[in-house]
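Pasting in a structure now, in structure tokens, and then I'll have a few things to ask.
Just so it is clear, A, B, C and D label the chains in written order, and each chain counts residues from 1 on its own.
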Amino acid sequence: MKRFTRMIYKNPEEIIFGNAKFPVSERWNIQFGAGYVVPEVKVAPQEGSEASKEKMIGECRNIAQSACQRAVSIGLPSFMLEQEHVFQQTNYPEWAGECTQIQAEILERYYDEYGISVALRQTPADIRVEERAPGLRGSDYDNKIEESMEACAANGASDLCIESMGGKSASDYGISRGDIKAVLFGIGVLGSIDMEYVWKRIVNICKKYDCRPGGDTDCAQANTAMFMAGGLLDKDIAHTTAALARAMGAARSLVAVECGAIGPLKDCGYENPIVKAISGVPIATEGKNAVCAHSDLMGNLMAATADVWSNESVYHRQEMGGTTPEVWLQATGYEAALMNTALQTGTGETLRDIYTLTDKYRDPQGLILAYDNAYRIGKAIVNYGKDPYLRARAAALEAGKIINEAVDSGKLYLTRFERDSLDNALKIIEGLPLDADQFTDECLRTYTRKVPEFDPKSYEL
Amino acid sequence: MSNIEELESKLDQNFVAIRYNVEIEGPAIKPENDSDVQNILPKEEPYKSIALAVLYGDMEASLSNVNDGLEAGLSPIDIINNGLMKGMDAVSALYTKGFYFLPDLMLSGDSMMEGVRVCEKILGHKSETKGTTVSFVAEGDPHDIGKNLVVMFLRANGYDAVDLGRDVPTSEVIKAVEEYKPIFMTGTALMTTTMTVFPKVVEELQKKGLEVPAFGCGGGSVRKDFVESFPMSVYGVEAYHTPKLADSILKDKKTWKELRKEYSKIVGEFVPEYA
Amino acid sequence: MKRFTRMIYKNPEEIIFGNAKFPVSERWNIQFGAGYVVPEVKVAPQEGSEASKEKMIGECRNIAQSACQRAVSIGLPSFMLEQEHVFQQTNYPEWAGECTQIQAEILERYYDEYGISVALRQTPADIRVEERAPGLRGSDYDNKIEESMEACAANGASDLCIESMGGKSASDYGISRGDIKAVLFGIGVLGSIDMEYVWKRIVNICKKYDCRPGGDTDCAQANTAMFMAGGLLDKDIAHTTAALARAMGAARSLVAVECGAIGPLKDCGYENPIVKAISGVPIATEGKNAVCAHSDLMGNLMAATADVWSNESVYHRQEMGGTTPEVWLQATGYEAALMNTALQTGTGETLRDIYTLTDKYRDPQGLILAYDNAYRIGKAIVNYGKDPYLRARAAALEAGKIINEAVDSGKLYLTRFERDSLDNALKIIEGLPLDADQFTDECLRTYTRKVPEFDPKSYEL
Amino acid sequence: MSNIEELESKLDQNFVAIRYNVEIEGPAIKPENDSDVQNILPKEEPYKSIALAVLYGDMEASLSNVNDGLEAGLSPIDIINNGLMKGMDAVSALYTKGFYFLPDLMLSGDSMMEGVRVCEKILGHKSETKGTTVSFVAEGDPHDIGKNLVVMFLRANGYDAVDLGRDVPTSEVIKAVEEYKPIFMTGTALMTTTMTVFPKVVEELQKKGLEVPAFGCGGGSVRKDFVESFPMSVYGVEAYHTPKLADSILKDKKTWKELRKEYSKIVGEFVPEYA
């Protein structure tokens, strides 16, 4: 397997929304990273729709139809529809196939009638349960994921994604206790191992169809940290800890690309700017148009590097302004239009920079994802590119350095909790072994005992 | 050259916004050449001219045609049914297809109604309508355009639509039901805090043992889930759906429960709220 | 009464978001148009909250509290809370006062604790009913509006607005029939007359308190046209007709300023860019963060000139990302932050221009509100500044000219319906008398007959 | 200097974002100097040291303190109640005030639990708890952090919290209720399509004639209106509310209906969802 040991981007200034070094084409005449930004929309199926296959199909049809209708009604040149599967859609691969099929049909109809460029992303659910033997590999649930992926690819999905959960057991433990070693083990080692397993399989499935392998997200780990960290005044996880987890997450999410994923990477991977800087693949991101679903502290900054600009799964229901697929596609569609105007008029770099500066010093998490800093973290990763553990470790150290520099130059102020957590974490990380096997052995000893859900067999350890 | 002009000169709009309305526009055709319209329009004169004047929303022509017809001894009933109404049917067909627009409809409706009024004067009484309906805007709510459209569509489709206006006290609505015994009632509310009038209306009706076959509730902020939380009601989406709902009550004896279930089928199109 | 006969702005390039020629200060250390953009949020009271005064007060408290909480949690330097009254809040002035009081208390608490700059806008409802004698003047409803205004001002509102409805009877008739003469009569003549009545009163009330007279909006007329015009594929009102109504609306909404309103003008006045160009007062606008409530075709363009950036009243309920006051304040807050970053870094003009170009040719309605074109319409208005009818007429003619120029230069394409409606309207307008009295007489003859709701006595005609 | 650096140099951040968390931070104080903590902490040794070790989340110190105490002949029960639990009470107080954070709480919780385990070994049986609770994540749902927090808070507050895990079949939930007869049950679901498990659980319980005093339902996508659409349930907002709800069931015999009505009062703070 290829590992990234050099940056595809030669300097950070080259990184900008709507442009990727390796653009991706999908059916229905759409390109990603090819000079324009594509808006994305996704909507969670309503409660009750899981009760039968027919209901779920109706729900998916309805979502697709509403989105298409609004797209042409406001003049969007292109858009992507994503459907994130709920449990039943993945556990019953037949549902996956038929739900995909109906959405593909509707998109194609609008493509034919209006010439609008469209794409259909399907994201089967990672329903595996590590703590229930045989765990992540070879369980019934694991097999269902594979079948569902294939059903989607065969029935019209233009690309496939997943939010895989490998390493969650250890990272959950670590995140909630501020135990940075467990976090690094969960993300850098376990997460990276599981990604290989998951992604080689997806890439193989996609090869058989007119369907692209999209990407993964460190949702299960870095997003968990971000969500628990919450707003400025929340008192759960230190935002500096969450920032380090995010940096590690980039080293892990890169594995999908190394296995053959070509992007656009999955929207909620807030680590995507780093992965783009390293690998040159187009990325989906989300931020200020995901307020429907969550509150982040970098709503504008995440647009700076987006090739696909997304909302976040929202309740499927009526708003005064229409149904939610309509409302939220309009939101992302209008933001993408702004970015495209900037690209067209040669002011893209300026817009990128003000997007970035709006959030660069709002919070340490945004700081490290600002494209210039993301680039630095990317470089730290490729320096140790061949070793998933060491590169995740290097990413965290570089992130810490970036935060400390900002503090020293008086641009960012930390609370005591953030300050202490960071100092403490960096001290621990610096003291860790430089050999992956040694680190893994240590962690196996500690965390098989401390974390009941953790099962080394799931990672062939 | 100012800066915005410079930027503008670089812009390829196809990457920003596409005017699909312009892109998909077919060739212009004369309304009377549309095949559906040809099927609807009467072949014989003077009915044809009467219908055409309505089709063109030409009030003056409509009036003089109707007067000519009456002078020539045609029955007012025939003029209404074979001329004016046919013109209006053709207008509705064109509106449904997207060739005609609301102002066309309004002007044609005005022309038709004027013609009907002249005929009714001769008749000495109101002409037979399909049935009586009652429409109102909820108490405390000033937004009445949706209701005005509803009333217009009902009248254009041959209903005797009683219009109670806006900010209508619930007691007046009840009185109107007692008086007119409508085959369909419509309520419009555009606010979360006025749509709550709908269940109160139903409750009052039930208290008095009154009933309407169905009570269409619509308007900007009204949600289907809210409307379906009380009986007798049907959530209404587009004003032009109203006559279709009324027709299905009249012809197919549909109940409010059936209207809820078959809404999309009855109005003949995909309705996101009902999918 | 002063009438504007000259432009306060000397050229369109000077007009930009966050800056007004005449900034406004309100209590709680907030300024409008003073070099930064203030985000606004508003949320409609839930169904059932109208059932009692206590419920409504609880509802208002809850909305204020949630908004404040999110504001500090994401680091907003300032924000404005608006409450648009429902019927009961205005019809029972006691409700108005107590609802205002509780919101003022909460805002003040956050101002004290965090130093966040805040403002409280109250917008009593125009509950008058023209067709019910005595109509717009001196009815019970009319008196209640006055009392409510005073109750708000006395209990802590930092400014007052209204969406007044004068002329709606005639304009509704005209809009739905494409009868441009009725539209001009309703907006330019009747609307302007009623505005004087309404606004002199509000300004007098505000003088007594630490409360500013904000502004009005042509919601009842130009927005009605815009909403009925709908999306690109809707088949109700021609978008060219709606554009002309909007231009006329500027001539009408200007009256509030002439009576002493100082801004920020009310958010849903899409005509505000024109009024700002003429008068130099700060304005609130809404666009892409109003998708919750409606779909417009100029979501970005409206930000180009905003001093306050608003959402639009939305259901008060839970989203996955929080309650709607939280979610939508975050949306407008993040957009305002982007604008403020641009202003700070000297890239404001660029952002303004790409906001504008994103929607300038999406639809004729956006076209005429692009700040350069808005300026042209402003000039047409002040040329006839002393005559409300003639200036509304001139505004419409200038808007028509702007649209035709864009069509001629191949930048905007119209549908047949839009083309025909525009040609027809311009022909009629050009043929109208140049004397206001003569026009009014003609209209009185025609529309008292055709429009049953129209009552000349409401306008002292 | 690159462009973004140039722009950055011009930026006055106070117009863009204010870090209120930094702005409002008071002076640092040692946890044991906080007045509430002083009221809670035992005055006499070795209880004081035992409690302090928990307060500092220092597992090693906690264990050795407990062992010292046991060797000195103190009763395991006293060590738990007068030492370990007091330390945890102090931790909760600091968390509520915002001086302590989740990791502090988790580490203190771990330290306390380890100490309790040692004492229980000596006792030969489980120590007395306030009562038994049952927690689960809905079938088909993998999101378990909220549930983990709920369980942690319950244990830290002296409850014997049974943790059924995630993706738990409804039948197993029912079995656990039969087996443990919990004084409070909590369910967590983070998806629209898994929160539908909650009413099914209630239905199954009712079918079997089982009951829990209250069933707290929470999680990312769960809405209050949904939870209140079926009986026995209370919408739960923050994990740290859980022990307060349990306490009020235990001490004040509150029913699920009362919990719904008095939620804000019981948890002692403004809760937007309940306002």
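By our rule, contacts are C-beta pairs under 8 Å (C-beta built on N, C-alpha and C of every residue); 3 or more make two chains touch, one makes a residue touch a chain.
From a predicted model like this one, the values you see are computed outputs, not experimental measurements.
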Item checked: Other chains in touch with both subunit C and subunit D -> A
Item checked: Between subunit B and subunit D, centroid-to-centroid distance (C-alpha), Å -> 58
Margin query: What's the distance between the Cα centroids of subunit B and subunit C, rounded to whole Å?
Written below: 30
Margin query: What's the distance between the Cα centroids of subunit A and subunit B, rounded to whole Å?
Written below: 48
Notebook entry, point to check: Where does subunit B touch two or more other chains at once, residue-wise?
Noted result: 7-8, 11, 16-17, 19-20, 221
Checklist line | Residue list for subunit C, restricted to those that touch at least two other chains | finding: 72-75, 232-233, 315, 320, 326, 337, 340-341, 345, 347, 350, 353-354, 357-359, 362-363
Notebook entry, point to check: Is the way these chains touch best called a line, a ring, a star, complete, or other?
Noted result: other
Notebook entry, point to check: So which chains end up touching which?
Noted result: A-B, A-C, A-D, B-C, C-D
Checklist line | List of subunit D residues in touch with subunit A within their complex | finding: 2-4, 7-8, 11, 13, 16-17, 19-22, 25, 28, 95, 98, 100-103, 106-107, 110, 139-142, 144-145, 148-149, 165-167, 191-196, 221, 226
Check: Which part of subunit C faces subunit D closely enough to touch in the complex?
Finding: 35-36, 58, 61-62, 65-66, 69, 72-77, 113-116, 317-318, 320, 323, 326, 337, 340-341, 343-347
Item checked: Sites on subunit A touched by subunit C in the complex -> 70, 72-75, 230-234, 287-295, 297, 299-300, 312-315, 319-322, 326-328, 330-331, 334-335, 337-338, 340-342, 345, 347, 350-351, 353-355, 357-359, 362-363
Check: Mind pulling up the subunit A residues that touch subunit D in the complex?
Finding: 12-13, 44-51, 86-88, 91, 125-127, 129, 131, 165, 172, 176-179, 224, 228, 232-233, 235-238, 315-316, 349-350, 353-354, 356-363, 372, 411, 413-417, 421
Item checked: In the complex, subunit D residues that touch subunit C -> 7-8, 10-12, 14-20, 23-24, 220-221, 223-225, 270, 272-273, 275
